[in-house]
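Each of the next two complexes has subunit A plus one more chain, namely subunit B in the first and subunit C in the second.
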Partner chain A sequence: MTVLIVLVALAVGAYLVAVLESWAVHGRLEPARPAISALALLGRESLLARTPDRLFFEAGPVVLLVAGLLAVAVIPLAPGLIVTDLATGALFLNAALAYVLVALIMAGWGPNGAYAMIGGWRFLGQFVAYAMLIVMPITAVAMRAESLSTVDIVTSQSTLWNIAYQPLGFVLFVAAAMGLCWLPPLDLPTARGDLAGGIEAEYTGARLAVLRLARMVLIMALAGATVTFYLGGWLGPWLPAWAWSAIKILFVAGLMVSVGRLVPRVREAQYLEISWKLGIPLALANIFLVGVITLVVPI
Partner chain B sequence: MTPQMIFLMFFGGAAVWFGIVVFRTLSMVRSALALLFSQTAVGVMFLLMQAEFLGVLQIMMMATEMSVMAIFMVMFMMDPGGMGAMDMTHQKRLSLWAGGIGFVAALAVIWLADWGPANLQIPDATEQTAELGRELLGRSMFIFESAALMILTAMVAATMVAIHPSEGRKR
Partner chain C sequence: MSALHQYAVLFGLTLGTVGFVICLYVLARAIGSTRREPGKDVPATAGSLSRDPVWVRYHAKYYGYALLFLAFDMEMAFMYPWAVVYREEGLTALLDMGVFLAILFLGLLYGWSQGALRRQE
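Entry: the complex of A and B
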């Protein structure tokens, strides 16, 4: 039953975020647009490239979807409304998200096309930049909660949300999450301008629909993770718990798909340089600061 | 036979099968990802044996490691897609002997070692994680710290070797 509720919530949320994204891209609010695009994609022929690595080509979008769904499984929407409350939830989230990279390498290598392959390897470069900045802020969050369980992490924020407790970690985590979802300004793996769509270049029809759906699920998973780790999860006054989760997750996802478009694209080399020379020292400083605060001031 | 044992045998078989696939395919990316799925199956075996932290950690680490290995194999091999049907194996006699001896040694360790009685009282996942933390920051700290320092040294050295000397002057 819980699984069904979470899946329905995920579907509704993904649809709303798709509407928001099309609003940010096209400048018009069209609530039916994602449904029409999905129907159009499903109606189109799904072409197969010449001499593809058929196994990877077919598996790529599906593995991406499964990775996103597994990440959603450890995100609590309300007390008791979580697919599985693992003792190692925060680590499990990372493990599920690691397979995003595997899926995109499969999808890039599979169709035997230059643009797709460059897109896939570009994502690997991007991964080397964002990977540590996903894990290290989560370490600081788990240090405060003294637990890796996502439910414990939410309840640890009952007096003060982590966005106020460790703002540095929040900024680093959201920036890394944008890289993980290849959202602008970090959307070089699927850049339209210089790679003709990159990873998406050789996918058409139903396969492309699965790939786009998986990307939406991933954005929802990362927005949910941001809310769980930094914005107090379901905590909030007056409204019921699930409503607070819904409002916060939609707000974060909406910001993720829209704000980045106001900034010029970042090349992977620049992204790597910023991440390793600035991001990782800041993430280490964040862990140190949180450690000191946790030991000295009991909040 | 419990369902746990059946699943354990299934994933053990999967780990061995994917290990064989690594050498049966000519595509370097397929080879790297087959090794990944072999290691993921080992991670699932950890999960089945109720070592939650170790299982999740294994599944996470291998995904990134094998993907990075894939790009290195594509960069350095002459026929990364395997479409030219090039034979990239070498030193076959030596590898057969090394593999055979390793296999026999592993079997000998499995059969001859005194494993002690099976642990029936398994602590829950939270306690396991806490105990692992105490172990890593206590008795085993020196081993892990020295390993970390060695890896860091190797990373710095590898970067120094990779950078062409004239590149620094151009900037």
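Entry: the complex of A and C
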């Protein structure tokens, strides 16, 4: 039952964020647009490129969707409203998100097209840039909560949200999360106007619909993770717990899909440089700072 | 819910997702099938087949970062259990991991000084 509620909530949330994203991209608020484009994609031909690696080509979007849904499975929406409250939830989230790279490399390799392949290899470089900045801030969160369970992580923030406790970790995590969902300005694997769609270039029809859906699920998963780790999850006054989760997750996802568009695209080499020369020293400093604060202040 | 039960739910979720995608493909197929026409299956390279093969050795110009990444990724495997017991162990844990991270960070600085953190040509 819980699974169904979470999946319906995810579908509604993904739809709303898709509306927001199309508003940010096209400048028009059209509530029916995601439904119309989904139907249009289903009605179109789904082409198979010449001499593809059929297994990788078919598996790419599916693996991406599975990875996104498994990440959503450990995000708590309210007390008791979580698919699986694993004792190793935060670690499981990382494990699920690691498959995003695998899926995109598969989608890049599969169709045997030059643009798609470049998009796939680029995402490998992007992965090397963002990966440490996903795991290191989560370590600092787990240090405070003394647990890897996402429910415990939320309850550990009852006195003070982690965004105030470790603001540095929050900034790094959100920046890395944008890289993980290849949102602008870090949309290197698709790179409109540069790679002709990149990994999306060879996908058409129903397969493209699954790929786009998977990307939306991934954005929701990362927004959910940000809320769980830094914005106190379901905690908040007056409103019921699920409403706070919904408001926070939609707000974070809305910011993620809209604000980055105002910044010019970051090249892969720049992104790697920024994350390794600035991001990782800052992430280590964040772990050290949180370590000192947790020992001195007992909240 | 026991741990085994939880993993069963996750496995079911995976299977359900695959099933959902297959249903979607069947639905799309029912609406209309793909016509075979010449030239349609050419990958997006301005309408003609790519001159060079695509599946070739790609010059990963970020390999310097990738090697350092391996060291850091191994280190993270130790960080998670450490983070959980951090408050119990107190200052000892801070010093233990501090020394470990300092050594690793020196490695990063050394790699930086040797030019690992740039686009390799």
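Keep in mind that, in the parts below, the second predicted complex is superposed on the first by the 299 of 299 C-alpha atoms of A that agree within 3 Å, B and C clash if a C-alpha of one lies under 4 Å from a C-alpha of the other, contacts with A are read in each partner's own complex, and residues count from 1 in each chain.
By our rule, a contact is a pair of C-beta atoms (placed from the backbone, for glycine too) under 8 Å apart; a residue touches a chain by one contact, two chains touch by 3 or more.
For clarity, every value in this text was computed on a predicted model and none was experimentally measured.
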Partner chain in contact with A:109 - subunit B first, subunit C second, else both or neither: both
First (subunit B), second (subunit C), both or neither touched by A:129: second
Touched partner set for A:172, first subunit B, second subunit C, both or neither: neither
First, second, both or neither for A:87, with subunit B first and subunit C second: both
Touched partner set for A:73, first subunit B, second subunit C, both or neither: second
Partner chain(s) touched by A:253 [first = subunit B, second = subunit C, both, neither]: neither
Subunit C versus subunit B, contacts on subunit A by residue: C
Touching partner for A:56 - first (subunit B), second (subunit C), both, neither: first
Partner chain in contact with A:16 - subunit B first, subunit C second, else both or neither: neither
Which superposed partner A:266 touches (first subunit B, second subunit C, both, neither): neither
Shared subunit A contacts, counted only where both subunit B and subunit C touch the same residue: 86-87, 91, 109, 112, 121, 124, 128, 131, 147-148
List of subunit A residues in touch with subunit B within their complex: 51, 53, 55-56, 86-88, 91-92, 94-95, 98-99, 101-102, 105-106, 109, 112, 121, 124, 127-128, 131, 147-149
Residues of subunit C that touch subunit A when the two form their complex: 1, 3, 6-7, 9-10, 13-14, 17-18, 21, 24-25, 27-29, 31-32, 34-35, 40-45, 49-50, 52, 54-55, 58, 60-62, 65-66, 68-69, 72-73, 76, 79-80, 83-88, 90-91, 94, 97-98, 101, 105, 108, 112, 117-119
Subunit A partner contacts - residues on subunit B that touch it in the complex: 27, 29-30, 33, 36, 52-53, 56-57, 59-60, 63-64, 66-68, 70-71, 81, 83, 124-126, 128-129
Contact footprint of subunit C on subunit A as seen in their complex: 3, 42-43, 45-50, 61-62, 65-66, 69-70, 73, 83-87, 90-91, 109, 111-117, 121, 124-125, 128-129, 131-132, 135-136, 139-140, 142-143, 146-148, 196-197, 201-202, 205-207, 209-210, 268-269, 272-273, 276-277, 280-281, 284, 287-288, 291-292, 294-295
